[in-house]
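Order of writing sets the chain letters: A, B and C. Residues in each chain are counted from 1.
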Amino acid sequence: MSLRSPRFAALAISILLLLTLPAWVGNPYYINIASQILFWAVVALALNVLVGYAGLVSLGHAGLFGMAGYTAGLLLQAGHGHLVADIAAIVATLLTSAIFAILSLRSTGIGFLMITLALGQILWGIAYRWASLTNGDNGVNITTRPEFLGINLANASAFYYATLVVFGLAVISMAVFVRSPFGASVRGTRDQARRMNALGYNVWLIRFMAFLISGFWTGVAGLLFVYYNQFISPQVMALQTSAEVLLMVISGGTGTLLGPVVGAAIVVIMKNVVSAYIERWNLVLGVIFVAIISFMPEGLVPGTARLWRYGWHRLTSRKPSAGDKPGDRAQ
Amino acid sequence: MNLWLTLAVNSIALGGLLFLLSAGFSLIFGLMRIPNLMHGSFFMLGAYFGVTFLDRGMNFWLAAIASGFAMALIGAMVERFFLKRLSGQELPQVLLTLGFSFIIADLCLLIWTGDPWQPTTPAHLRGAVQAAGMFFPIYRLVIVGVAVVIAIALWLMVDWTRLGAMIRAGVDDAPIARMVGIKVSQLFTLIFALGAALAAFGGVMGAPYLSVYPGLDAEMLPLALIVVILGGTGSLLGALVGSFLIGFLYNFGQALFPDLAYVILFLPMVLVLVLRPQGLFGKVVP
Amino acid sequence: MTALHVNALCKSFGGLRVTANVNLAVEPGERRLIIGPNGAGKTTLFNLITGEITPDSGSINLFGQDITHAPSRHRPHLGMARTYQIITLFGRDTILRNVSLALLGLSPLRWNPFINIDRRPELVDQAREALAHVGLEAIAERPLSQTSYGERRRVEIAMALAQKPKILLLDEPYAGLSIDERRDVQQLLRKIPRDVSIVMIEHNMDVALDFAEKISVLHFGEVIVEGTRAEVVNDPRTKEVYLGH
């Protein structure tokens, strides 16, 4: 990417805006919404590893997300320190992801979707019904947020910056992953699984590893979620959460780096706006789902990107635009 | 009546309801190759229709049948106007049914509020019969009876009628069925409507027993899902056996291990996935 | 040592015998043609050899090593590469990336999630080299979706050759090609060095005859004739299979 390209400029401006956001937003309510967008974007990026790059649509990620939140919440409640709780949460989420993957990778396509849905429901059922462990519908409260590099995360801006750091790491790791040989292998199993096998790849193991990567970042985001709310209840593990994250991924455009981030912003903002005026978020969620799938299957980001490239090309018709080369598109 | 017998009767009754729910789910899955994620919504919306009809003083059976017809119409419209446009694209179709499930859930909350509705058991179905020195609640037996009658009717339809032959051909091999001139598209609409009607009918049957409340859809959908994973997609026998198996696991699990009932419910599904991914009665799809 | 030794291989699908007691011995560097009418079980035989389906009985040896039960994904690592009759390429990627994926399949780098795939000379340069062999170097960066059928067939071959196989299995490499394209592919195959054994499937006898040193005729899953080009062509059973059909 050249320093003069519009993409670089857009990236630089975005980073600058994100870094200074608490200063120009001011109101903690909006800073908190920004934090929400960022950690939901991490889940969406995580799910996109499976949906976009591996071609495996999971409807069980709310279970993994909640697994991290509950593990940390329950350990903190039992009096353990933040470090122990956080590490245990990530380990528990990775183990759960491994079990999810082993069972759901018996199948691909619709079968995979169905099994992840059922597995996600089991975790929801445990959180909801195993009241002696999880406190059931009343959920788990945690009293403190951890310190991060010696900074107390109690206030909105501090928490925002901690989330931004995690988000940044997630985006960078995804950007590296997409260009890496392993990323190419994952995409290969999406496009031609049989051929990949014949070329010497272990298709199952590639998908399994992709699931673990996805599970890892889902767990990290689950931790941010539980620290943000200082509370977790079975509600967050319901199918609806998995569907919302999936909506973030497909509305932004699957298999792109930016798509899930934009999708997360759209869904979180819409959810907050809709919920502020009417109680009909589920209705709106359903209508958007139906509308996007029926009328804009490619997602918002690829569609907008196409229009943008077209417009840019028009404006600078003498020099070829960098965004026009097909190979330049994030795949 | 002792506890075990009560549990057994409840299990069989729940099994009957689950069969009404999952028979259509299984046929739709077998034929259209998609799990219909709005099937729980059909069940719940049908039940709400039923309690509304009952509230207006309609006869119980009439209410159940009317609700079934209303849902058949809704199902047919969803299939014709939305799913058909995405013909052959399985994933978007599944996600579309998921979107509709949210819409229906929220509309139900808007119309019927968050409070549970539990119609009284119709007068002529109340009470219990005595047999071998024990009492059996009539209504539970009626549910089982209705489920068995519908199972037999479905079986006769699938095995002995021309429509059934087309369904079987479609389940076995959709492209070939299309080649021999079966109008697969009309068949899809019909089966989708039939599945919706059965689920709605089951919803009304279940209403006096389970009551109707927000979230009923999300509770029934996974049950239909595991019944079909257990029994094998497109297999009515599988749906029947799976339904009663889950009926028993649900009731006994809840009585014996209330904390882990939900996990116990899913264990056979996990076992089947590992040992026999096509389900107990499913055919291996090449 | 025999390059590929197929011994008494059998496979049935639901009572239908598609591979019936097939024996095949391909020597190192040999050019072997397997012909037979449609439905003779040629592709099934290939799928058995590459391990995509498991045989009911019999064994397969690759350079003396029993690979009958080795997973198919191991076989490229043992020096076996194949092309497909129905082209199964990566349609969203460039030609170059298709070939680098073939290279990557045999490289431990394929698990690396950190490095940039486009900056690995061992992948990119070798892929270009393989493309140069098949005359596609000039359009290496072109997305596969913008290539012709004949070019794709050559990409198939480039991918197989990039893996530097000891034995190459070609599944109807001439199918669907124009006369010119066919000539290109013929020349290309002729250039493949002699340390590679080649087994080719073809149902149209004429197009592949000049390539073959030894020919096996497959009919209803059985090898009914085997021998040199002249022997097979003059054998009455060959004529019967092709003319009496």
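Note that in this section contacts are C-beta pairs under 8 Å (C-beta built on N, C-alpha and C of every residue); 3 or more make two chains touch, one makes a residue touch a chain.
Note that the structure is predicted; figures quoted are calculated from it, not measured.
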Pairwise touch network: line, ring, star, complete, or other: line
Chain with minimal offset from the mean of all protein Cα atoms: A
Approximate Å spacing (C-alpha centroids) for the pair chain B, chain C: 50
Cα-centroid distance, chain A relative to chain C, in whole angstrom: 42
Centre-of-Cα separation between chain B and chain A, whole angstrom: 33
Residue list for chain A, restricted to those that touch at least two other chains: none
Multi-chain contact sites of chain C, meaning residues that touch two or more partners: none
Multi-partner residues of chain B (at least 2 other chains): none
Residues of chain A that touch chain C when the two form their complex: 176-177, 179-185, 187-188, 191-192, 194-203, 209, 213, 326-327, 331
Complex interface listing, chain B residues touching chain A: 33-35, 37, 82, 85-86, 90-92, 94-96, 98-107, 109-110, 218, 221-222, 225-226, 229, 258-263, 265-266, 269-270, 273-274, 277
Partner chain A, residues of chain C touching it in the complex: 50, 52, 72-77, 82, 84, 88-94, 97, 100-102, 104-107, 109-118, 120, 123, 141, 143, 159, 163
List of chain A residues in touch with chain B within their complex: 57, 59, 103, 106-107, 109-111, 113-115, 117-119, 121-122, 125-126, 128-133, 238-240, 243, 246, 250, 280-283, 285-290, 293-294, 297
